[in-house]
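In structure tokens below, several structures.
What follows is chain A paired twice: with chain B in the first complex and chain C in the second.
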Partner chain A sequence: MIEIENLRKSYAGLPVVDIPALTMPQGGVTAIIGPNGAGKSTLLSLIGRLETPGGGGVFLDGENVRSFRSTDLAKRLAMLKQDNSLTARLTVADLVAFGRFPHCNGRPTDRDRAKVSEALELVRMTELKDRFLDELSGGQRQRAFIAMVLAQDTEYALFDEPLNSLDISHAVAVMRLLHSVARTMGKTIVVVLHDLNFVARYADHVIAMKAGRVVETAPASHAIREDLLKQLYDTDVAVSTRDGRTFVDVYG
Partner chain B sequence: MNPVARVTRARMLMGLAAAECIVLAVGLLTINAVGDWGFVLSLRGSKLVTIALVAWAIPFSTVLFHTLSNNQILTPSIMGFDALFVLVQTLGVFILGSVQVSILDPHLVFAGELVVMSAFSMALYWLLYARMSHAIEVLLLVGIICGVLFRSVAGLLQRLIDPGEFLVLQDRLFASFNSASSGEQACAALIICLSTLWAWVRFPSLDAMLLGRSGAVAVGVNYDRIAKETFLIVTLQVAAATALVGPITFFGLLVVHLTYRLLPGAPHRLTIPLSVLIGGTLLIGAQVILERLLGFLGTVGMVVEFIGGIAFILLLIGSRK
Partner chain C sequence: MRLRAHIPMTNGAQSDLRHLRNALICGFVLAVLSVASLLVGATGIGLVSLMSDPNAWDILLISRVPRTAALIIAGTSSAIMGAIVQRLVSNRFVEPSTMGTIDCASFGLLLGLLFAPNAAPMGRMLIAAAGAWIGTAFFMILLRTVPLKSPLMPPLLGIAFGGVIGAMTSFIAYRFDLMQSLSAWSTADFSVVLKERYELLYIAAAVTGLGWLLADRFTLAGLGDNVARGLGLNPLAVLAIGITIVAGVSGAIVVTVGFIPFLGLVVPNLIARWRGDNLRRSLPLVAWLGAALTLLCDIFGRLVFHPYDLPIGVTMGVLGAVIFLGMILRKFGR
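Up next is the complex of A and B:
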């Protein structure tokens, strides 16, 4: 269980995250939504201890994430940032193998290799595994990074805008994959998303953020409603239901 | 490139480079040798030891520095090591005079240079990285500025001193493999070996550092600690090599990029041994050419950059086809 207590973070005196208390829903896909600058990425970075909080803390099953040993936390919680530029030339297989680092400390066993192949298979990248990342399209790279997080095989996985630079079919495939991984393997997946239709279709829970604060935590079916989204984004949003499915029209 | 093919290729390249090293080393020891073999071999053997130490430390520390700074176009000399060496030498001649400097105990000079360079870089690290900001860029930037400062001060002092003294000083400032004593060699070898072992243990974490800070932290690398250790290892190796032979970091970048080209995306346990062997080939080869073809007219740096530069351009042209 991920719990947040009095979590604060400021940049140059301006608060970007200020959350008195929040319990992340356990299991399933949780989408964090909100306008640019709402503090979504910073919140993920604080959970993944990439950033030091200005106050308060993030607790994983009661223990502060900052007091974990690095590899112990990485065995339980994985995270993919928004910007993944690398200076070194790595192949897809090399990259995905880094997901096994906390489990094998650089000396992969057969089990680690199996996990890597499995992850490559899940994102349909097996045929490209020996290609260098700089020889791939943006979408293929993104899938390689997602495979790395899957190979890490953690209870909790955080993704910051994983659908960036994916085409429609791969975006759908990735969301389906995350959804099914959460369902079948009982993992907790937290995703920052901008496309509200993906939220409506694939998220189980929604955390809505604005100006560093959590505005609402609710099941997705309850959170995707016009008054909340209008207030969140300061723009006209129409939510409709067709054949029992919810659609969000954001195009004004 | 698949991992099995890469390991095979790495073994082949390492074997080739090692063979070249051995042939060139035998050449360096024996070509044109006249007189007592015992004397010739101990003289030339000592030179070979110095070359081996430098060929070990510089490519090694350059690769680590690239991993640490997440940038493959820098050399550790950007932190001002070379400039600091020049400044220390210049200050010595300026304050004491060339005669006094030349009668100083060379071991003392060696130890002094080592301590000054290590102290400088650790001070930079503590003040800028650990205390102020965790941004390696700030550290590098201040390193560059310090380097410029050291170079300017040294340049000013060099203009102020007597031209005769300046000639002596200039001679001391060119990298040379001829002057190191066995005591200095042993001390440098100890430092280089210990730091190599230390780095060896950290190779898996260093590999993961190629993911950048956030990527490395996400897979469970204690980034700040490994970064600190790596910085210390780089410092010790560069300081030991520079104190041994003078400013020599120039050839590291060349050798390491040759290695990156030959073995793209390889982990540290393959990249580093190959770059060390290529470094050895280049340095020993350059010394043979300098001694046997050029009759000591020039410096080993010139030869290294001439041959290495051509090799690198050929490789670039070849890889475009």
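Up next is the complex of A and C:
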């Protein structure tokens, strides 16, 4: 369980995250939505301990994430940031194998190798595993990074805009994958998403943020509604239902 | 290929076989170069002279064996240090000489010579390593505070930084009449290597071995701070360890044989093109190519103006510059 208490963070005196209390939904896919500058990425970084809070804290099963040993935290919580430009020339398999680093400390066992091939299989990259990342398309590279996080095999996995640079079919494949991983392996997956239709289809829970604050936490079916989205984005949004599925029309 | 037609083999066995064959070829090349390095010089040594002439054994044991060992260790360590700093900085164009490391080691050495002229070689090495450590750490802090967009900026910054330190060193050396000692450190020359005058290089070898053990951590640190932290690694701690290793090795090399130009730049880049940057995979080849190129350049230097020696700083300088220009033209010509 991830709980947040009095969490505050400011840049240059401007508050970017200010959350008095929040309990992240356990299990399934939780989407964090909100306009640019709402503090979504910063919240994710604070949970993943990539940033130091200005006040308050993030608690993982009751223990402050800041008090974890680095490897212990890395065994329980994985995080993929947005910008994954690499200057290193690594093969896909090498990158994914690094996901096992917190578990095996550089000396992979058969179990680690099995986890790596399983992760490669999940993102359908087995055939490309010996290719160098700089020889792949942006979408393939993104899938390789997702495989690294899956190989890390943590209870919690945080993704900051994982659909960036993916075409429609790969974006759908990634969201399906995260959805099914959350379901079948009982993981808690938190994703920052901008495309509300993906949220409507694949998220179980929604955390809506604006100006550093959490506006609402609700099941996705409840959160994708016109008044909330209008309030969040200050723009006209039409939510419709067809064949039992929810669609968001944001094009004015 | 023919073998595969007759004996059914698993993929793993095939690649094992290929690895074995490659390792044998690499080992053979290195063995030939080492033997050549033992035999070639102002006084040629051969089987006949070893059997009949006792002086030949003296030359072999006092000069040639130490020289060959020094070449292999210095070549291997310099190439590996290049590979490690390239991961630590995430930049292909840095190596100890384009980060100010070598200039700061020389500066330390000069200060040591001025203030503790009677220090033992070990003491001198430690002073040089301390200078290298401070210079490298300063450069790393500079890179982390000033974000640089172009991949060519870090080495240019490093060269400028090294130039400033180098100018200070020259000035002081000039005032105290130490210019000759200074040029001895800054041009690599293995003709000075004799028994009991190169053993500090074994420290460089040991420290390089330590770096090898930590290869995974350096590769991981090269994936960026966020990824490294996410996988439970403290990037700053890895950086500090890396700086210490590079400074120690650079200090030992500068004190004994002098810095070999271009090696740390060219070798890791050639290997990366083929084998990638995962140090665990690439370091054996980096080490091998570093040793082989160093031996080759030194043997060539002993032969061109026979019986005189051309320092390796010159031969490697020319060869390295040509390879490096070729790489840059290919990279930016695409």
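Criterion: the second predicted complex is superposed on the first by the 252 of 252 C-alpha atoms of A that agree within 3 Å, B and C clash if a C-alpha of one lies under 4 Å from a C-alpha of the other, contacts with A are read in each partner's own complex, and residues count from 1 in each chain.
We take it that a contact is a pair of C-beta atoms (placed from the backbone, for glycine too) under 8 Å apart; a residue touches a chain by one contact, two chains touch by 3 or more.
Everything numeric in this text was worked out from a predicted model, so none of it was measured.
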| item | value |
| --- | --- |
| Side-by-side fit of chain B and chain C on chain A, or clash | clash |
| Touching partner for A:G252 - first (chain B), second (chain C), both, neither | neither |
| Partner chain in contact with A:Q152 - chain B first, chain C second, else both or neither | both |
| Partner chain in contact with A:S70 - chain B first, chain C second, else both or neither | both |
| Touched partner set for A:G13, first chain B, second chain C, both or neither | neither |
| Contact residues of chain A, present in both the chain B and the chain C interface | 48-50, 70-75, 78-81, 84, 86-91, 94-95, 98-99, 101-102, 106, 132, 152 |
| Touching residues on chain A, where the partner in the complex is chain C | 48-50, 69-75, 78-81, 84, 86-91, 94-95, 98-99, 101-102, 106, 132, 152 |
| Complex contact set, residues of chain A against chain B | 45, 48-50, 70-75, 78-81, 84-91, 93-95, 98-99, 101-102, 105-107, 129-130, 132, 148, 152 |
| Chain C - residues contacting chain A, complex | 87, 90-92, 151, 216-217, 219-220, 222-224, 226-227, 229-234, 272-273, 276-278, 280-281 |
| Complex contacts: residues of chain B adjacent to chain A | 1-3, 67, 70-72, 203-205, 207-208, 210-215, 217-222, 260, 264-265, 267 |
